[in-house]
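Sending over a structure as structure tokens; questions will come in a sec.
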């Protein structure tokens, strides 16, 4: 009979002694995991609103992007997609290491993650160039800039968090909870990259399919 | 302690003054005649000894509502016909920092009221003085002579961008096709 | 350390008594807020923060009420010269914004933040520092709005801020920007409280409190939190679009450049309608709790109640267009949203009938909280019925944007939220403060409030039908609206008096009200009444073990409890999501000043954003500092520290 | 019957009448529901109970009966809502039925007045007026709605529901009056400082009256004969008036403010907020901001003589 089961049975009859329970857990057992999930839900909704605005404003134009505005160039955004895809295995590897309390590896993992995030931010700058329009040119410009910026905030947050965590892991003192934090930061990473794959299709591909 | 308090109060006072001045809506202006036409001297020649010409201060320079009214009147009175939305056309551009007849409020006031050679008509008697002052404030805001928090943001018209950037005029959604109507 | 199982010194044999006292002292040392102002500012205790949250929200309720009173004074007779259009527009904008964003939603989540941990038998919310941060952001946002208002920079485009009236071309000055940033502040606070509540409810329930034993109040808070999570980002983004249109010249709502004024309305109401249910659903939780206590029987149809709550939560997202029937949307859409709007009457009906059945089957005791619940029934039904009426497109086109709507929404929100809220204040006040509010004043408070509400808002139905539009600062003699408006204004005075009586009641009770003891009502069913009033900093000396849906009613003399949590540092017991089986122990943070500083930095950033977009960059750096310090806590002695190469 | 200036409860046209019927139906249903629910509540609360107190939390006898009652109540709710939906949809369909309009009128919202344009195949027979809409009695009239600045809403409760005027999005509305008379209306969407004083009237004329009115409105203003009025015309043309207003037949052709060609024929000035009397007109010309703070009409200072002349001239604009 598992630890939990015995506790449940105990609870039905009388008092429970929980002194034997662990104090650091991973995944959906941990509070921070649920916190991260909550913020992913809120930020996800934010991105959805931007996408909705993009699609809604599209109905006001005969051509999309509007006549005179060239299609957004693919290069920077595509590199972004490739780079993000490449980063995911690294983060999975880091998450595994954190669950094994492997300090050395998660230090490396967090350094890599902040480097990746920084690269994403730089690429984002070039993506904005590749839109060939300004936010104050017309509603199309406003919509695409809004989408890219909304997602850029995720990148910045991720870089900030990754860098801080890395610094903590090197300078210490390292507490067990930091391993769980690394695990959560990986979870957030999957969300951040996944969100971009969708937005990439929306902003850079969909106008080419049905302009 | 008391010092900091005093400073704080003073700061609050300043903010209050500015906030108020920027945000007040002054609807019931004194009629045009009340502010005398001669507030601004149109020529150097004066009878009697030379009077020191005091700088005229425009009541609307620090008032966002006045400036936005000026913006409305600017297109309402068809200034846009010649000056476009500041970009210029038949008339000179107003966005740049070049002023043929001076950039001071009183100069612009004179330009509007008296008119200028080569096409600028005189609006004396046609535009009430307070509206002229509102126009003056707006015109000065076009070339960034007013504080940023008072100058109006973009208008709801098309942006003055290069032609190809613009979108084609929009067809209204659910456009209505008039059925044959009897003529009264 | 092994503490004796019972936490009441008087129930244990003399030999163990000292040990129990020592346990209390120990827990108090660990969980109490620090001394003095510093300790007050550093507090992360859900009770002290929850109390501040409730009080702040109630102060905003009073301010919003004063604005309403001024408007009623202006409208009391035709062609009244008391208030001009400029001030009047600011007044009704402030009133709406205050009541919706600074009072209704915050007070509901605040009650949740205070009560939920007690009700589910835990010692704090999931993320105490975040909780503090959320409160301070909300406080700064509210103060910001009111300071601006007194500087004559109060928003004046309505709490719905329709473009283009609120846009750069017609929304002159910084007034609408103030509104947009206030929204951002309150939305951040709202989202934080939502995440707090969801996590706390999912993971911190006392052992044995499986989902199907969870109190209905906790269920309603859970549904509310989920609605906040998916509704509030919409208005946050919308208001940012508006701010950008005004500050950096984007064209989201500029028809001439392909923007769309209706986009604003769609996004705003996609949040705005769920907002109503975000306010209404926690109130349903109060109603269920109070009814169970004062009829002394369990709520009839527990599963039906929960299903209705969840159904309401979902349907709430499918109605937004019925705020836009007059904007010429396609017939098909109208029919769908009419049907959906009528549909939502069903789950509400189910709950009503279950409550009536409960009362029928129980033995009502007419204490003030129960009186307010009876008031809730009478008032809310009227609002609900007029709500079904305006779901009809043809009828809505007649009364839309008239005083009929004003009457409807006040019947719904006062009936559906404020009556239950007053009931909740009277019911939980002993738990908050340890003293019971006076019944005599309470009855007066209720009677006058009930009369006042009906006197104020019932005539407005007629005014609307007789053609009086909303948001007009005056009306002509010939319209014949004078007498009904005077009646409404008299009603407003009545409401004012009743609220004053409530304040007097609170003041007198705090000074020398009768002491409450653990449970002054004698028939309460939920765990918060199992501890002292007001609760100790650590809520429970031993976390309770729950063995039924109404733990205090089926309670053995020597109830089972949880032992083995560390007493030398702040530790929470985390249980499993569905069955609430103990899973692990969670080290929860000690008091800290950083949330407050982070909130201040956030405030500076948002306010500066009104004047320059670069504030985003500078502010980002400004906020980063406190956040790092926040995250980088020094481990306390006793905390485990990882050394190199741990495997 | 017509004891209110404007009211949805005194329908004067088929559209308003249908909505009124729907309202009466819903009102009675609501009263019945309200009485039943509160009756049940009162009974449940105050019914006499068996003496002796039940131990707390124990369910009372008759749970099965309660289950039945609640289910029945829910069923009844569903039925009532269904009936409501049927009535509502039938009303909605009837209101949007397409007809051939006797007259087509384009109404444009301005801060804070209504510009009214009558369609006519013959360009110079088109009529432009303000804040006063004349329609032939008993005939369907199509109102096409547009806005120049912010969102307004066109509402004449006696005739039909309201419809928003959204810049750049034309919408339309049918109205029809059963009997001759004056029907008041007002802007119903918050549109700024003078939202309260943005009213209009719909005048339903007998067909011949309407034709006569239309013919008169289509004419240009005749040049005044007496000297005072002539002087007034000069005053008008040499003062700020001409910057915003137009009078057909004179050089004044601005379209910012209401068209004054037939000002004297209108019942109200200042968008339905003042009866069109000489005194009111004088007050409006001199100090409009005192009457409608924030309105776009600037204050004017005229010598008494000029004012008298101007009023005389405006009085000739029948």
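A, B, C and D are the chain letters, set down in written order, and residue numbers restart from 1 in every chain.
Throughout what follows, a residue touches a chain if its C-beta (ideal position, glycine included) is under 8 Å from a C-beta of that chain, and two chains touch if they have at least 3 such contacts.
None of these values were measured; they are calculated from a predicted model.
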item	value
Chain pair showing more contacts of the two, A-C and B-D	A-C
Central chain (distance from its CA mean to the mean of all protein CA atoms)	C
Length of the line joining the C-alpha centres of chain A and chain C, rounded to whole Å	30
Centroid spacing, where centroids are CA-atom means, of chain B and chain D in whole angstrom	34
CA centroid of chain A to CA centroid of chain B, Å	48
CA centroid of chain A to CA centroid of chain D, Å	52
Chain B residues counted as touching two or more neighbouring chains	25, 27, 154, 156, 159, 166-167, 170, 173-174
Multi-chain contact residues (two or more partners), chain C	86, 164, 170, 249, 251, 254-258, 328
Where chain D touches two or more other chains, by residue	167-169, 171, 193, 293-294
Touching residues on chain C, where the partner in the complex is chain D	84-86, 89, 158, 162, 164-165, 170, 255-256, 261-262, 296-298, 300-301, 304, 326-328, 331, 334-335, 338-339, 342-343, 345-346, 349-350, 352-354, 356-357, 359-364, 374, 377-378, 381-382, 385-386, 388-389, 391-402, 465-467, 469-476, 478-480, 523, 525, 550, 553-554
Complex contacts: residues of chain D adjacent to chain C	3-9, 16, 18-19, 22-23, 26, 30, 33-34, 37-38, 40-41, 43-45, 47, 49, 53-54, 56-60, 62-63, 66-67, 69-70, 73-74, 77-78, 81, 84-85, 88-89, 91-92, 95-96, 149-151, 153, 155, 157, 160-164, 166-169, 171, 184, 186-197, 273, 293-294
Residues of chain B touching chain D in the complex	25, 27-34, 76-77, 125-128, 130-131, 156, 170, 172-176, 178-184
Of chain D, residues touching chain B in the complex	98, 100-104, 118-122, 125, 136, 142, 144, 167-172, 193, 210-211, 214, 238-240, 242-244, 256, 286-287, 289-290, 293-295, 298-301
Of chain A, residues touching chain C in the complex	4-5, 7-8, 11-25, 28-31, 34-35, 38-39, 41-43, 45-46, 49-50, 52-53, 56-57, 60-61, 66, 100-104, 135-143, 145-146, 150, 156, 160, 164, 168, 172-179
